[in-house]
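Take a look at the structures listed below.
You will see subunit A twice below: alongside subunit B first, and alongside subunit C after that.
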Partner chain A sequence: MKMDHLPPNVTRRWPLLDILLTLLSLSVPAALALALTYPPPEITQGQAHRIFYIHVPIAWVALYAPILSAICGILFLLKRSIAFDQWSVAANRIALLFSLGVVISGPIWAKAIWGVYWDWTDERLMSFFILLLSLGGYFYARSLIASPERRARIGAILSIVAALSAITTWFAIRLVEPQQHPGSLLGAMAPSIRLTFWLNILAFHFFFLALFRVALRHEKIRSLEKSP
Partner chain B sequence: MEFLAAIRIAARLELLLEWRSRGRLLAIFAFGILASVIAHYTLDPALLRQPRNLAGSALGTLFFASLLLSGWAADAQDSSAYRLLLISPLDPAALYLARMFARWTALSAICVAYVPANAVLLTGNFPTAAQAFAQLLVLLQVAWTLAALGSLFSAMLDQRGRGVALPVLILPASIPALVLASSSLERAFLTQIQFTGSGLAAMVAPAVLYSTVGTLLFPFLYEDGPFTA
Partner chain C sequence: MNLIRLTLLVVFATAALQADPIERANALQQARDFLKLAPQAQKDAAQKLSAREAEALKTQIIALRAKQNPDLLSLDYVITQLSTISALEVAQSRLNSLLWTIVLTFVLLVGFLAYVLYDQRRTLAALSARAQTPLPPPISTPVPRTKARPAPRKSKR
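For the complex of A and B:
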């Protein structure tokens, strides 16, 4: 894409992005290879437990992103700086991608362990599903609004409601249905599993940060291209 | 006190607007009845007598009724009557609360008529007073959540976007209230419901949360002014 008309502070290389992309390209393949080969099969779940080395890190990231977006939405409403709207949109783009990852990787594990791909009574699966629907509504509603100022205001409100919906869905299902989802095992992992798990957490955080920087840069360029 | 007076003025106008279009409430009621009749002839009657299906039928009708009401309310927003409210010195938060109250009143009217009609069409009998009261109590708190969400979301979109975007926005946000209501409503059909303090608090929590969020955020929808780079 030709970007001669864009200001140099947008088109110049971002050293932090270069560093993050380098870390991402080294750490993610290494962590995934480790997840597939290093820890022995788990006693109760067998090979199916390896999905957790992907599922849990992307679920963690998918939780940060909408909260970050909602905080940026609040800051936009208070400060009226377009930078906060760009942060909010970029965070929600990543949230959408990673939530999709959660609702794809979760059912793969569920089919192996529960015998079904989907369980409507599982509060975590449902929370991410609701988050996914809310984010779909967020981007669709934004696409319908022509005025950048109004789009940013409504986007901020929707990002706050999306984060709240996901959290309240979690609580609602937790109240109505008994818990089925595996709880936190952070304190009870074998050393090989613990090492692989934390390396994957680290790798997927590099993945998140790199994607976030790319999405933020994309938003900045888009806003400049749309401005007269 | 001024804020309460503003809510009272705006609520009166909103209720008048709602009353002016009362024919639409009849249309929603007819839609609910039609849904019950279709359910009666298309689902296994043995299954239909299961309270869970009755609860699903009632919640589904309430959800679609709220969508229709929100869309119509937003159409009224484009009319000159609502523009007068917007340029008046009334606090936008009071406007939001008044609009939510008017939507909730309209949904409540539908629920009052729908609960016995739905029971007769699907089970062949009127509900007992205890059943009807318990069902109404559950449905009215869901109606509160739906009115809170509908009043906020419908003000965000123009006429072109409402048709598709409203269900996409309201459905995910209303899921917590629908989930919490589903089991209570099922028990209400069996007259087994026990309204404990914590149970009621949990049921009302989504409505209180979204009403508060709506009251805080609605004024931003009607603010003008550019943002900074």
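For the complex of A and C:
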């Protein structure tokens, strides 16, 4: 497909970066294979505890990405450069994707261990649900605004709201007295569990970077289509 | 029932004959020590055991207590069977949860990638088509009619 007519910020290629990110993304299946085989089954949760190696890393990314998006949103408000808006949208798109991953993997684990899919009284679960709603609202509001400049401005403000929601969730997990959702276990893991956990965290962050690059390029191309 | 009891006795007896006497004595002592622990300490200690160690400890405990209660072997067999049925069902349900999580996360991430690649390709094709289409001729806007200015009068001198 000829791309001579596209601006250089879309057609510019970074082959080394792309190869590196693709290779690093392959660490996700490797880390998952490790999670399925290396740590012994946990005595109270059995094999279901291995969901933790998927659920927690994607939850971390789902909480970081809105903060990255908000930083780009603030930069847009200061500089008025549409590139920052594109970065902000790409980060929130990955945040929404990973948040959906969290609300899929979390209830499956909860059903296996608690016997119910969701607890509407748990502050941690509810704060994450509000984050998901904030991200959904961000994209819905953007879809309603025709003017690119106004869409980017409102988007920047909503990305800050989503980031505040992500920060609230982060602290809710650490500070609020646990009801159902377990608290942070970072200091209380067996060596095999700790090693597997950190390798999965690292792998999913590499995957986030690769997905972010794909989403950013997609957003740049979409903005070209919308422009007259 | 007698047949089961006899089989278990043969198994335990064979295992006992094959075991090293010193190791067997140590294992029995460990079982005695374990039984002296408080219930919570027993739970904590049991969590640290491997499957093989747990099985060895169980055998030694039964060997110790079977002297006082001859029905213990058959009772242990029944309890083990019942708890195994329940444990297998729970383990299978947990394994299913793990598999569902992996499958759905995979579908979600691959679905996103597929959507992005498809939409990107479609958008690029649309942009390419737009670039190749010749621009339509400019729309001629009708010039508003204005009254012709009267020629300047020549001054009569």
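Just so it is clear, the second predicted complex is superposed on the first by the 200 of 228 C-alpha atoms of A that agree within 3 Å, B and C clash if a C-alpha of one lies under 4 Å from a C-alpha of the other, contacts with A are read in each partner's own complex, and residues count from 1 in each chain.
The definition used in the following text is that a contact is a pair of C-beta atoms (placed from the backbone, for glycine too) under 8 Å apart; a residue touches a chain by one contact, two chains touch by 3 or more.
Because the structure is predicted, anything quoted here is derived from the model rather than measured.
K.L.:
Which partner does A:Val161 reach: the first (subunit B), the second (subunit C), both, or neither?
P.N.:
first
K.L.:
Applying the document's definition of touch, where does A:Ala152 land relative to subunit B and subunit C: first, second, both, or neither?
P.N.:
Touch status of A:Ala152: first partner only.
K.L.:
Check whether A:Gly46 is in contact with subunit B, with subunit C, with both or with neither, and answer first, second, both or neither.
P.N.:
A:Gly46 contacts subunit C only, not subunit B.
K.L.:
After lining up the shared chain so the two structures overlap, which partner does A:Leu211 touch, if you call subunit B first and subunit C second: first, second, both or neither?
P.N.:
Second partner only, subunit C.
K.L.:
May I ask you to decide whether A:Gly137 touches subunit B, subunit C, both, or neither, giving the answer as first, second, both or neither?
P.N.:
first
K.L.:
Share the list of subunit A residues that count as touching for subunit B in one structure and for subunit C in the other.
P.N.:
In subunit A, nothing is touched by subunit B and also by subunit C.
K.L.:
Can you tell me which positions in subunit B touch subunit A when the two form their complex?
P.N.:
152, 156-158, 160-161, 164-165, 168-169, 171-173, 175-177, 179-180, 182-183, 202, 205-206, 209-210, 213, 217, 220-221, 223, 225-229
K.L.:
Spell out the part of subunit A that touches subunit C in their complex, as residue ranges.
P.N.:
1-3, 5-6, 32, 36, 43, 45-48, 50-51, 54-55, 58, 97, 100-101, 104-105, 108-109, 111-112, 207, 211, 214-215, 217-218, 221-222, 224-225
K.L.:
Over in the complex, which subunit A residues touch subunit B? Could you list them?
P.N.:
Listed in rising order, the residues are 76-77, 79-83, 85, 126, 130-131, 133-134, 136-137, 140-141, 144-145, 149, 152-154, 156-158, 160-162, 164-165, 168-169, 171-173, 175-176.
K.L.:
Help me check something: in the complex, which residues belonging to subunit C touch subunit A?
P.N.:
Answer in residue numbers: 47, 90-91, 93-95, 97-98, 100-102, 104-105, 108-109, 112-113, 116-117, 119-121, 123-128, 131.
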